[in-house]
Amino acid sequence: MTSLESDIAHLLAGSMVLVSFLLLYQDRMFALLNFFAIHACVLAFSVGWQAYLQRAPHLFITALIALLFKGVIIPVALHRIVVRLGIHRTIEAVVSIGPTILLGIALVGLSIIVMLPVTQAEGAFVREDLAFALSVVLLGFLMMITRRNAVSQVIGFMSLENGLVLAATGARGMPLVVEISVGFSILIAFLVVGIFLFRIRERFDTVDLQALDMSRGETSGESA
Amino acid sequence: MEHLGGLIHRMPITAVCFLAGCVAISALPPFNGFVSEWLTFQGILLSPQLPQWIPRLLVPAVGATLACSAALAAACFVKAFGMTFLGRPRGAAASGAHETDRWSQCAMLLFAVLCLAAGTLPGFVMDALAPVMQMILGARLAPQSTQPLLRIAPIDPARSAYNGALVLVMILVAAAATALIVRRFASHALRRSAIWDCGFPDASPATQYTPGSFAQPIRRVFGSTVFRAREHVAMPKPGDPGTARLHVDLHDTLWEALYLPVIRFIDSVTVRVNRLQFLTIRRYLTLVFSALVLLLIIVGVWR
Amino acid sequence: MRLNWLTQFAQIIVVLALAPLLTGVTRKIRSRLLRRRGASIAQPYCDLLKLIRKEVVVAENASWLFRAAPYVIFATTWVAAALVPTFAMGLPLGAAADMIVIVALLGTARFMLALAGLDVGTSFGGIGSSREMMFASLAEPAMLMAVFTLSLFAGSTELSSISSFMLGPHAGLNISLALALVALIIVAIGENARIPVDNPATHLELTMVHEAMILEYSGRHLAVIEAAASVKLLLYLSVIGCVFIPWGTAMAGANPIAYVIGFASYLLKLLLLGFLLSVFETAIAKMRVFRVPDFLGVALMLGLLGTMLLFVSKVPR
Amino acid sequence: MILDLGSAALRAVLLVPSCGAIVLAAIPNYRLSAALNVALCALTLASAGILYGHRPDPSLYLVVDDLNTVFLIVGALVGFSTSVFSAGYIAHELKTRRLKSRDLRFYHAMYQLLMFAMNLALVANNIGLMWVAIELATLTTVVMVGIYRTNAALEAAWKYFILGSVGIALALFGTILVYLAAEEHLGQGMTAMAWDHLVPRSAAFDPALLNLSFVFLLLGYGTKVGLAPVHAWLPDAHAEGPTPISAVLSGLLLNVALFALLRFKLIMAGNPRVLSPGPMMVTMGLVSLVFAGFMIYRRRDIKRMFAYSSIEHMGIITLAFGLGGPLASFAGLLHMAMHSLTKSAIFFGVGYVSQLEGTQQIADIRGLTQSQPLLGWLLVVAVAAIAGLPPFGVFTSEFLLVTSTFARVPWLAILLGLGLIIAFSAIALRLHGLAFGETDKRHRLPAWRLAPMALHLAIVAVAGIYLPATVITWFRHVASLLG
């Protein structure tokens, strides 16, 4: 492939990391949803570009899924859920934004470090691409654990999964990518539906109105 | 034992066998317990010839301990037999007791007889056990059953010898002779009467010495250090008809020294670890995340 | 050989015959020291005869053990005494049993006595037995330690060989021996229910130990037990005598003169030791029961110390 | 001919449960569906048994080799006896109105689907396919854990779901990395994902990628295995779901996830230049063992307690495989089989107990050997077995493991022994209260319902006393494969 093509792929992958950072930066619910939509769209473009590069038409399906399902349906659905369940519009963070960003940068550095020893035989393209994908995954994970709000946690998970799709498409000629993306879409659907069904307002672990911390089978820790 | 007593009247055979057992285990001649104790003492008396110094210093202490334990065993079994079989019944169960069946009696008698036999003819037992010594130590005592008049002399007759059979015979002869002489010269008049009650008639069996009170002197002498035994007596005020209470608390020193610390440790650890059961999902995710980052760092550092 | 058996037999009779006399002598000396006239030396014999003639009163719930015990006690004590060389060495029975056996035989006697005390089921018997066993739990080890010291010193556990070793050239003044002697004396005082451990003459209920055990006995039983007690005293004194004052004792198979000398010297030893005992008894006051363990504990410690010293110092033959 | 039989069996192993799931979803009558469920499992078991004898040639998607036949047969056996157990169990649940017949329809369909997913994961020759299968298994178990719709159940399911999906995501990333490592040598496409191509060629792969991938796989599939510190879903899922599912989870799903780990360990082992997976697995195994041992002490819920014991044993097995070497791997394999059988037997017993006593609180359960002698004693035997007392198979494997560890890494053996003792005494402490003591309760339970339990325990006892030579050679061969 020409350097231009690879540069474009590179650019797209890098921009995903950027958007992940922007996701981390948000503290308003709807803005977060919009940025996630952007995240998904960038993913869709990147996947589409890969499809074009690898002459792999089936990847277009993945791109399409990313675009429609994650770029449109999920954000809209979440938007409505937020409205319906009256979830706080502000995202309460465990670690405040600044430190989170620093952590994120550290994670990106880590992912680059661990990717360094990978041999060059693949061509510069895959290595950086992988590093970016790994960073996106880690950033998504970071988002899941630093945001208390259920919706933002879901979005963290989805951005993590975007990173996976990025990696999967980056790996040339990898079979089952479509199936995998479909499987993940099912997972996410479960997640969203679950949030809706269980009326999870604020956190993953407060299902329904009353907090379930008391009923983890055991009543809190003391002597048995 | 607090509820037994006087069984010797209702269970004579059991009493005899139990008595034989008590005498044997208290290491008293002419029973078998004494033979083994005697042999051990002989061994201890040989030990100054040991080349090493530490055991040479240790062995006499061991001997003293053994002597002490033998004497304490005697005390213990005086209590065991005396409180169970002698005196007056302390409870309904004891006063209604009856002798066991023939088979149990046979079993007990058999072992009582064995105890006496092993005590009086120790030579044969020692020779029977010699091959085991041969196997373990690669050495054995000179055959004992060939010694004159059934005696045993493990090292050298001039040094020390024991003749269980002869001792038994002498005791029997002496006892018989005494009995005969007394029968011959003494008056045969014998009258059954009440216990000498010191001016308080028909004292109830509760006034007998109980096992606890029997053990009290030894408890005070030894137990106060070994078991940290403490006695608290709560006396009612003069004129107060309430009961006086004696409360004894004993501590199992070994248990408290060895096992309690372990238990405490495990308790504290479990209490701490147990918090992990009650985290929120986000915290669990944090666990996963930190594990992931840790491993990544390891991989990153590893070259 | 026959001579040996003869001496052995004579000795068996002698210990029996002399025992009450010794008791009488000590009593006499004590009362003299107390500025009393005191009963005649033969009084114990008379007491025994009197008791033998009297009717026996046995409690209703006394068992066979109660009536058999006196004979066992007496027999074991007597046998033990018969094993101690009194006026002549080389006793045939001495080869059958050594000092450890003697200690153990006394232990058997004590065992039976304690049981007899418990048999009737009065609190006196209980007091007596429990205290007796408590004393024994210290006195017996102390005695054994003393025995260890002696036998390590003499290289044998048999009294006659120990005694002859004492006569021999290798014996000399030795700190261990002194310790053993003191231990033996303390044990002898304790075991024979003498002041300061116990008072043989008392019937003051809460202080008595030996008397409490035999409180229920009367008539011939009591006589036998008393006889056993005096034989026991004789035994201890003759042990001390034959080990620490071995001079004069007749060697095995010596000529009759030697035997006469031996007998005379034996009487002298008994007299001396009895005198010392009475002096000691009159000089000291009785202790509280729970100070006795300290007293006997001292004996145990001394015996152990003696043994230790021997273990460390010289390697015996 | 033989080949045909083998491939037929292979198809059966996959088709029987999948079609069965569809059929069961359609049957309203729960008795019928329960019976059918048993029949299907029996069929699966039979075909799995055939697979031991006749191996079809590996295709790009499916493969049958010594390694997965072990797991396949053990899994099918546990699945079968669990279906028998659940037939009796759910009837009671229906009677006590904890479940409605609509739920049961769903339940049975899901049960078969789970069987299908796990068999697929086992026979898959393709790492992607295996990943999909395990995700499917996770999802089915998630919905089954939540089936009671109590707050606790929903929350347990939810927790399981979240942690499980994160685990899945990590595993997928690892899988992608493995593909990348393989792709440059095996060319693009399916072959770069097929075990029988990956394992022999792994020596040439890029070590850095393999290292990275193993980290993700260890944590991803380790979540399913229930290794500390990624175990959190396991106790609650076991405690709140229906007991047959607890049995299947402990007896099968954990093993399947472990199997996946082993497959990747094979690839790692094939490459000399990689950071060896052993230390990581040993560490996680040891941590899980000790941690679970301590956790058992303060448990009040009986099912949760045995769930922690599952974590503990998974830790032991992981440690064994991580230690490697013929003896340790053999011990790990044996322990895996023994643990599945014993633990599922225990869950059968615990299920009955909690039904009869109407509680899962250990404090409220007393004197089972009096209230239900047969069940009580079977439970005692089972717990003795799981605690690692002779003469049961669990003891054999633990003994083998400890000895081989002593031979190679003494200090590790000491830690291992300590962990074993801690866990053992925790279990023993609880058992006494459960099984013995006075109680006035009396329960009747038809003997046939205890048959599965008895069967498992019998196998475990026999295995402890005498292992057939064929089994030994078979396991030894697998162990040699595992290196």
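Some points to look at:
Chains: A, B, C and D, in written order; residue numbering restarts at 1 for each.
Here is the rule we use: contacts are C-beta pairs under 8 Å (C-beta built on N, C-alpha and C of every residue); 3 or more make two chains touch, one makes a residue touch a chain.
Here the structure is a predicted model, which is why all the values come from computation and not from measurement.
Counting only chains that touch, the fewest steps needed to get from subunit A to subunit C is 2. When each chain is reduced to the average of its Cα atoms, A sits farthest from subunit B.
Chains B-C form the pair with the most C-beta pairs in contact. We define each chain's centre as the mean of its Cα atoms; on that basis subunit C and subunit D are separated by 79 Å. For the pair subunit A and subunit B, the distance between mean C-alpha positions equals 75 Å.
Averaging Cα coordinates per chain places subunit B and subunit D 52 Å apart.
Computed centre separation for the pair subunit A/subunit D is 31 angstrom, with centres defined by C-alpha atoms.
In subunit B, the residues that reach two or more other chains under the touch definition are 271, 274, 277, 281, 285, 292, 296, 299. Residue numbers of subunit A whose C-beta contacts span two or more other chains: 114, 117, 141, 144, 204-205, 216, 218, 221, 223.
Multi-chain contact residues of subunit C (touching two or more other chains): none found. Pairs of chains in mutual contact: A-B, A-D, B-C, B-D. The touching residues of subunit A, counted against subunit D in their complex, run 114-119, 121-122, 126, 130, 133-134, 137, 141, 144, 157, 160-161, 163-164, 167-168, 171-176, 179-180, 183-184, 186-187, 190-191, 194, 198, 204-205, 207-208, 210, 212, 215-218, 221, 223-224.
Across the complex, subunit B is touched by residues 94, 107, 110-111, 113-114, 117, 138, 141-142, 144-145, 148, 153, 203-205, 213, 216, 218, 220-223 of subunit A. By the touch criterion stated above, subunit D contacts subunit B in their complex at residues 158-159, 162-163, 166-167, 170, 211-212, 215-216, 218-219, 223, 229-230, 232-233, 235, 275, 280, 291, 294-295, 297-298, 422.
Of all residues in subunit B, those touching subunit D in their complex are 266-267, 269-271, 273-274, 276-277, 279, 281, 284-285, 287-288, 291-292, 295-296, 298-299, 302. Residues 126, 128-129, 131-132, 135, 139, 151-152, 154-156, 158-159, 161-162, 165-166, 168-169, 172-173, 176-177, 179-180, 183-184, 188-190, 192-193, 206-209, 212, 235-236, 239-240, 297-301, 304, 360, 362-363 of subunit D are the ones touching subunit A in the complex.
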